[in-house]
């Protein structure tokens, strides 16, 4: 790897760190609610990774007004707006599944669920 | 637990009309500033949730009955899809707004308006339905 | 340039919050920290000029998702059983994924550069023609509802489907009371 | 000047965030979350002025209105153990005078 | 005239920033929840409202000022309520004040 030449690249790199934390929580923690929270962290880091390159120095929010010439890119905003909606839908459905799993198994820990399923 | 939550009750009573009014502002000002159907829908749902939190779920269900919510959830999608079919009927493509009005720019504005209304209806009712489902389920 | 500074500070705070969330075992505290996280995220999005996205994240994060998580906590339990320790295999996997992404990030254009292809290609068309074609000054709303109306139709359908799914999962009466509840309402 | 306000608010957020991590009780964390919400409102307003487009205060308004929801939800949950519990059925203790 | 307004808004913003940081230090350093809530009271509606008032002076008589005024109103309305509910919830859960007199415990 050639290293990060421009200090402004570090802003993107920091978002990757956020993503790694989210991924780690999803994979490593056994609690289903914690997993969903980690999924949320992962999702929001993706939002930043999309929107950060759309920012233009000296630019303004993409709402056309008199006397403003430079706007940030509106396209990532549209995509991420949809992604947030899908994100909250995922969260709600996932939490509903967690509730049902807890009712059936009496636990929301992954390994305990697997234990209960194992012998049967 | 005497005089349960008198202060939150009063303040929430004051806040909820502002929330609903503000949701309307966000909805209809969404073409000129930040906002739109989705944000307004979430704010409407928030007002219902706040009411349910403070005054109890049964009270919230009395004011916004679940039957109404169950009608509204698909209604929003139907409105959105209906805008598309309106474009078809007017002789254009699906979701083509230019043909909705003799003046194409007005057609666009009309199409965007109804689409946002559809999004508002779906989002607000779905969020309320999800809240009802979660908080209505006994342990 | 000052935007880059504020954004950088907010990113650091976000990383700190995410680490705090990963290290906390009380799920209740995780929900409280999650509220902080979405506040900071909305701020970062605002600094990046994404006003519509910031508003959505604000209303979703501060309003709905906290309530949903709390509702689930009420119906399930409040603490993780596993102790917090670094598990090596998932850590290695996540770090390797992160390194691969970092390799890609090096080749992204630097933050705030106006001369990159993504700012020259599609976006100027929208920004220049949006008022003339649709009469709506908010480019995000116009693209969302008009130019890419199909996407938003799909998005609305996704919300609809999620609502139906939640109702199907949670509306039915429970058949038999299952054991193993933890009644500690803390 | 606006930059100074933004800097002060970011520093304040960072300090309160530390309390959010340390917070021995959950109430400390909720207090930190609520405070950060208010600071975020100020930061949004100041940032609008910093960028010469202060008309985006709508987001700050959404925050000011919704910040109280999550706090009240958490505290309601804590006092009564549920959201939208049957205790709300009984009539309010006193009719608010207005 | 504009110099006076500028100076006034400067002063308000500086005071607001000072109160915000002071309140944040209080939240960080005070010994228990109840004392921290006092510090939050300095920061929460007061410091931020001062900053918003300073911004109001900068904005002049526009819609922005009206929005800022509404913002100050809502902050003044909601954050004491949140604080009140927080204190009551903590009290309800028998969280003891660290510095309370013996008979209050």
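Letters are used for the chains, namely A, B, C, D and E, taken in the order the chains are written, and counting of residues starts over at 1 for each.
The working rule: a residue touches a chain if its C-beta (ideal position, glycine included) is under 8 Å from a C-beta of that chain, and two chains touch if they have at least 3 such contacts.
Note that the structure is predicted; figures quoted are calculated from it, not measured.
*Asks:* If you tally contacting C-beta pairs for every chain pair, which pair wins?
*Replies:* Result of the pairwise contact count: A-C comes out on top.
*Asks:* Indicate the whole-number Å distance between the mean C-alpha point of chain B and the mean C-alpha point of chain C.
*Replies:* From the centre of chain B to the centre of chain C is 21 Å.
*Asks:* Nearest whole angstrom, what separates the Cα centre of chain A from the Cα centre of chain E?
*Replies:* Distance between chain centres: 32 Å.
*Asks:* How far is the middle of chain A from the middle of chain B, if each middle is the mean of its Cα atoms, in Å?
*Replies:* 25
*Asks:* Where the centres are mean C-alpha positions, what is the separation of chain D from chain E, in Å?
*Replies:* The separation of the two C-alpha centroids amounts to 11 Å.
*Asks:* Multi-chain contacts in chain C: which residues touch at least two other chains?
*Replies:* Touching at least two other chains: 3, 51-52, 54-56, 59-60, 63-64, 67-68, 71-75, 137-138, 140, 144, 152, 155, 159, 162-163, 166, 169-170, 181.
*Asks:* Among the residues of chain E, which ones contact at least 2 other chains?
*Replies:* 74, 78, 81, 85, 92
*Asks:* Which residues belonging to chain A are in contact with no fewer than two other chains?
*Replies:* Within chain A, residues 60-61, 63, 65, 81, 85, 92, 95-96, 99 contact more than one other chain.
*Asks:* So which chains actually touch one another? I want all the pairs, not just one.
*Replies:* After working through each pair, the chains in contact turn out to be A-B, A-C, A-D, B-C, B-D, B-E, C-D, D-E.
*Asks:* What residues on chain A touch chain D, complex-wise?
*Replies:* 60-61, 65, 68
*Asks:* Would you pull the chain E residues touching chain B in the complex into a rising list?
*Replies:* Within the complex, chain E touches chain B at residues 74, 77-78, 81, 84-85, 92.
*Asks:* Looking at the complex, which residues from chain D come into contact with chain E?
*Replies:* 1-2, 4-5, 7-9, 11-13, 15-16, 18-19, 25, 27-28, 30-32, 34-35, 38-39, 41-42, 45-46, 49, 54-55, 57-58, 60-61, 64-65, 67-68, 71-72, 75-76, 78-79
*Asks:* Please output the residues of chain D touching chain C within their complex, sorted ascending.
*Replies:* Touching chain C: residues 3, 6, 10, 13-14, 17, 20-21, 23, 26, 29-30, 32-33, 36-37, 40, 43-44, 47, 50-51, 56, 58-59, 62-63, 66-67, 69-70, 73-74, 77, 81-83 of chain D.
*Asks:* Could you list, by residue number, the parts of chain B that touch chain E in their complex?
*Replies:* Residue list for chain B touching chain E: 1, 5, 7-8, 11, 14-15, 18.
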